[in-house]
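Chain lettering (A, B, C and D) follows the sequence in which the chains are written, and residue indices restart at 1 in each chain.
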Amino acid sequence: MNQFRGVIPPVVTPLTADHRLDVESYRRSIDRMIAAGVNGLFVLGSSSEVVFSTDERRREILAAAIEIAGGRVPVLAGCIDTETNRVIEHARAAREMGAAAIVATAPFYALGGVAEIERHFRLIHAAVPELPLFAYDIPVCVHTKLPNDLLIRLGRDGVLAGVKDSSNDDVAFRFLIGDNEENGHPLTLLTGQEVVVDGAYMAGADGSVPGLANVDPYGYVAMWNAYRNGDWDSVRKEQNKLAALMRIVLAPSGVQGFGSGVGAFKTAMALLGVFDTNQMPEPVLALHGDNVKAIADVLRACGFELARTVEQVDVSTE
Amino acid sequence: MNQFRGVIPPVVTPLTADHRLDVESYRRSIDRMIAAGVNGLFVLGSSSEVVFSTDERRREILAAAIEIAGGRVPVLAGCIDTETNRVIEHARAAREMGAAAIVATAPFYALGGVAEIERHFRLIHAAVPELPLFAYDIPVCVHTKLPNDLLIRLGRDGVLAGVKDSSNDDVAFRFLIGDNEENGHPLTLLTGQEVVVDGAYMAGADGSVPGLANVDPYGYVAMWNAYRNGDWDSVRKEQNKLAALMRIVLAPSGVQGFGSGVGAFKTAMALLGVFDTNQMPEPVLALHGDNVKAIADVLRACGFELARTVEQVDVSTE
Amino acid sequence: MNQFRGVIPPVVTPLTADHRLDVESYRRSIDRMIAAGVNGLFVLGSSSEVVFSTDERRREILAAAIEIAGGRVPVLAGCIDTETNRVIEHARAAREMGAAAIVATAPFYALGGVAEIERHFRLIHAAVPELPLFAYDIPVCVHTKLPNDLLIRLGRDGVLAGVKDSSNDDVAFRFLIGDNEENGHPLTLLTGQEVVVDGAYMAGADGSVPGLANVDPYGYVAMWNAYRNGDWDSVRKEQNKLAALMRIVLAPSGVQGFGSGVGAFKTAMALLGVFDTNQMPEPVLALHGDNVKAIADVLRACGFELARTVEQVDVSTE
Amino acid sequence: MNQFRGVIPPVVTPLTADHRLDVESYRRSIDRMIAAGVNGLFVLGSSSEVVFSTDERRREILAAAIEIAGGRVPVLAGCIDTETNRVIEHARAAREMGAAAIVATAPFYALGGVAEIERHFRLIHAAVPELPLFAYDIPVCVHTKLPNDLLIRLGRDGVLAGVKDSSNDDVAFRFLIGDNEENGHPLTLLTGQEVVVDGAYMAGADGSVPGLANVDPYGYVAMWNAYRNGDWDSVRKEQNKLAALMRIVLAPSGVQGFGSGVGAFKTAMALLGVFDTNQMPEPVLALHGDNVKAIADVLRACGFELARTVEQVDVSTE
């Protein structure tokens, strides 16, 4: 039985106004996702603000998630850093804290070729062989696309257990799924998409890692269950609702990248009463003013009831 | 009734060995696609080798297609050129030859901003108002992604009749479909994907423009009909078969871009007996040697019977 | 004697308010550049708005330049188009009109690999062997960087006579100059830079093709002469003055790319009384309002006397 | 007096065969550079393999450099990491160890807009106000180009003391130098170029940070001194010799990026007897086989005598 199938949200990290980890909000959010029926939690990925976090903060975030999950679902730990030796340090820490699997990207900042990427994953697996290793394919952040033949080779050799595909290249992902089938399914293939997860399920994905599942875990679990039942009309219906909700990330103006994406998730979760604040890690400012209002409007249009007013969430009105 | 829905293949242009238009092969291919049930033909798009063709050759390609189609299906004419005035010349020629619609990209080579792109489409429509105008969103060629709000604005203003989306950004495309619905569906939205068309149908696309439909029009028509009938299992099954067939474009080695993509289509069609040669426009060489064999292997693995041997198609063995 | 050394401005094309070629302004500008001592004229390059011009307009622009130049300096003709056969049509037309040399980029829109680029240049030279062929290396427009080893090979084989380097990669350019020396200087190497031409001369360039020389041909000629005399202090002094003048292209706000670059050149030339208007080709609008004023301010700060007021040039005040 | 002018090599880090810091080789190299007359040392930059190094290794590298330099020249410490809080940790460590200045890039991996970049530098300076802060503009690694107006604003506000420009955009750099002059020279502007440093000096740079100075510090010091004396012929002559030497980084085949660049520096230094090995940090392999020979050939062609044979350096022959 593959324990890493299904909906595995990349867990967004709540902060207090003064930038500490907000454990109570974290507990509310994780408990809510587990209650909704998610199949695992991916902690310390891009959405968890891993690259904004010091080593100490990373340990704090991962330890809290494992404690809160309490074995109800597996916790996958992102080990995101520039090059091999730094990644291995994170991987060893994750092993000691009890992560169920580790997740690593290709090297970044200093680039090389495919040979270095392959050696990178082999060295990580050799250093922490006890834990399944997932490759995190995220060219928008690391500026390298992992080639399908490399992934399959590492899967067949037992180096990789799976792939989290955040490449936004669904054509390559479908070919990867086909290659994986032909090779006996060595890899668990998870899509990082949010609004075209139905297409990834059509293609045969083993699960999804949607950041938006922090805001609405119920919808993604319902879509996964419909997929498992072959009920494509329901898959489509759920995806359409979630695509409408994803417009929260398009709503802010004057903000780009992480600040509008994860910023919108945090703001929605604050409006829904899951998080106490929508605070962001330095040097990113929390969404404020009209941007909070714009997100509230999307939530209401999607039928959500807000637990807090725009003014309560918008720190600029304090 | 919208006459531009369904499967509208971008028609590949057959050449003789000495680089003339091969009208007989063209007739065989177009008749075969119409017999399979395609809903229209897109001529002089990227796959038609439009940018390799002189003005005279463009007219020859378009005139032949319109003559062969003979009104059985509408013919959309690509008017692909660097900037507005040159595009308008092509658009007027297409109008005189009887095209049913025209298709234009954003300006390329010299780039500007969104204001210039908007003015570009408005000027084209003003010059040839009798013909529906489709925007062709193909950033891999023109290095600009058409923004959704621009497309919707031009649709509402009656400037654009539709969009051919070859952006490979299925997330943006799903948001575009949602925006289009909210605005009363002013645009006919066609995906240029080949292996994730099922996902585009899940998202609500009005049709598809898959280059691979030159090789297997029956599969794409079957997928479209299944989609119209809400038979998602058949949609998925057809797509999976076509995804396997699309591996002909991954099969060649040592060749990139147009030479491997359209080169693979032409080679497959020559092996299937639809085209007499797999000749390519200068400066691109026809696929030859092991690359022909690799494509033949994919075709056979997908259950196709070959009308010609590898040696008959491979010009390097002459 | 190499007739293509020295300062060879890419000639900006003046338009009337109603978008016709303004031959009188053209004559004033070309006569002024020749009087200043330029060594040649590059017509139908990017700055000549070649990709905005229909075939008929291209012929008009080139014929007028050759007529005005009257043999005083050689006229190089840009043959800029997407792929080989279209380029060859332009090259033959240039030959018939009496161009001294032709200039072609790598193929664009549909990309391939180095093999296609090499075949492209060889086919152009084979079709018009009477004229020296320059490669125009401009990745910002064609999205391919011409590799140094390809350029040297084509130079040694007599296919290329030279290179106009607009790659903004001065490191590669210096290596190219070194390679060219080692191979007996088969190529005439011209930099397309404007504000770091002194560095290109330090590296050993054979000349420059600066768009800004339309505005101030005297400065570039003075810098070239200083370089020929080994008077580096004067080279530097002239370059610093021209770098200050080049700020006209940074002055406009809300406009990008061709509209701000060539737009600024045209606006400066209208303010200086060389051009009658600063009209731009569709779909680009002429610079207007505060952007004209900003350019006038730079000109004055650089010591130029204006022949026309901002209001006279700014069409938005009409 | 500005203590950060002149030649400040980014110090390459020598490793033992088993990947420990090779302090004896480090001492030889740093002593050699100081003896040659360099004006400072930049430690823990890209060439120092900073992103390959754990926190412990970073401290080891910096402490050794400061100890070896012994106050003879200032040591600037790179504080290269993904986002603000991690950079601040490195900056505080550098302060405790006695660095003379700190150097930081824009945030990377998770991108935002200019507002976040500005806040990033302001927060770093606020956390370690005692040390001059240099911005490291290296878009090839961080995928953001620092805008000139931001740099000038941060310079005027006392946040930034200078810029190390590794953008390879010499046009922007020349404009930056002009802006800096107009604003009273708040920033010390250093070029990271190697083969067009003469052009940067023509433009008015305050110094250079060339990786190649690890291999030949004498040449870069001679060029700097010639520049200070206004002896442009000598500047040019030295640069041409160094450009020929820089071909060591083009010599390796089958290797890309950091592996060929810093790999070539280490291999050259091993051949010259400065380093004991050409070992590289994981996951990069040391250059070996024909690549070592190719570098030796360039060194000899440039007139260097080799202290070791190719076989002695090439670990693959062991």
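As a convention for this text, a contact is a pair of C-beta atoms (placed from the backbone, for glycine too) under 8 Å apart; a residue touches a chain by one contact, two chains touch by 3 or more.
Here is each chain with its UniProt name: A, B, C, D = 2-keto-3-deoxy-galactonate aldolase YagE.
Please read these numbers as outputs of a predicted model, since none were measured by experiment.
Undergrad: How would you label the subunit B and subunit C contact, same or different, if same means the shared numbers make up over half of all numbers there?
TA: Both copies, subunit B as well as subunit C, present the same residues to each other, with over half of the numbers appearing on both sides.
Undergrad: Rounded to the nearest whole Å, what is the centre-to-centre distance of subunit B and subunit C, using the mean of the C-alpha atoms as each centre?
TA: 36
Undergrad: In whole angstrom, how far does the Cα centroid of subunit A sit from the Cα centroid of subunit C?
TA: The separation of the two C-alpha centroids amounts to 49 Å.
Undergrad: Could you pull out the residues of subunit C that touch at least 2 other chains?
TA: Counting only residues that touch two or more other chains, subunit C contributes none.
Undergrad: Return all touching chain pairs.
TA: Taking the chains two at a time, the touching pairs are A-B, A-D, B-C, C-D.
Undergrad: Inside the complex, what are the residues of subunit D that reach subunit C?
TA: 168-171, 174-175, 178, 193-196, 198-200, 202-203, 230, 232-233, 235-236, 239-240, 243-244, 247, 250
Undergrad: Report the residues of subunit D in contact with subunit A in the complex, numbered from low to high.
TA: Spelled out, the residues of subunit D in touch with subunit A are 46, 49, 51-55, 57, 80, 82-86, 89, 107-113, 115-117, 119-120, 123, 141-143, 255-259, 281-285.
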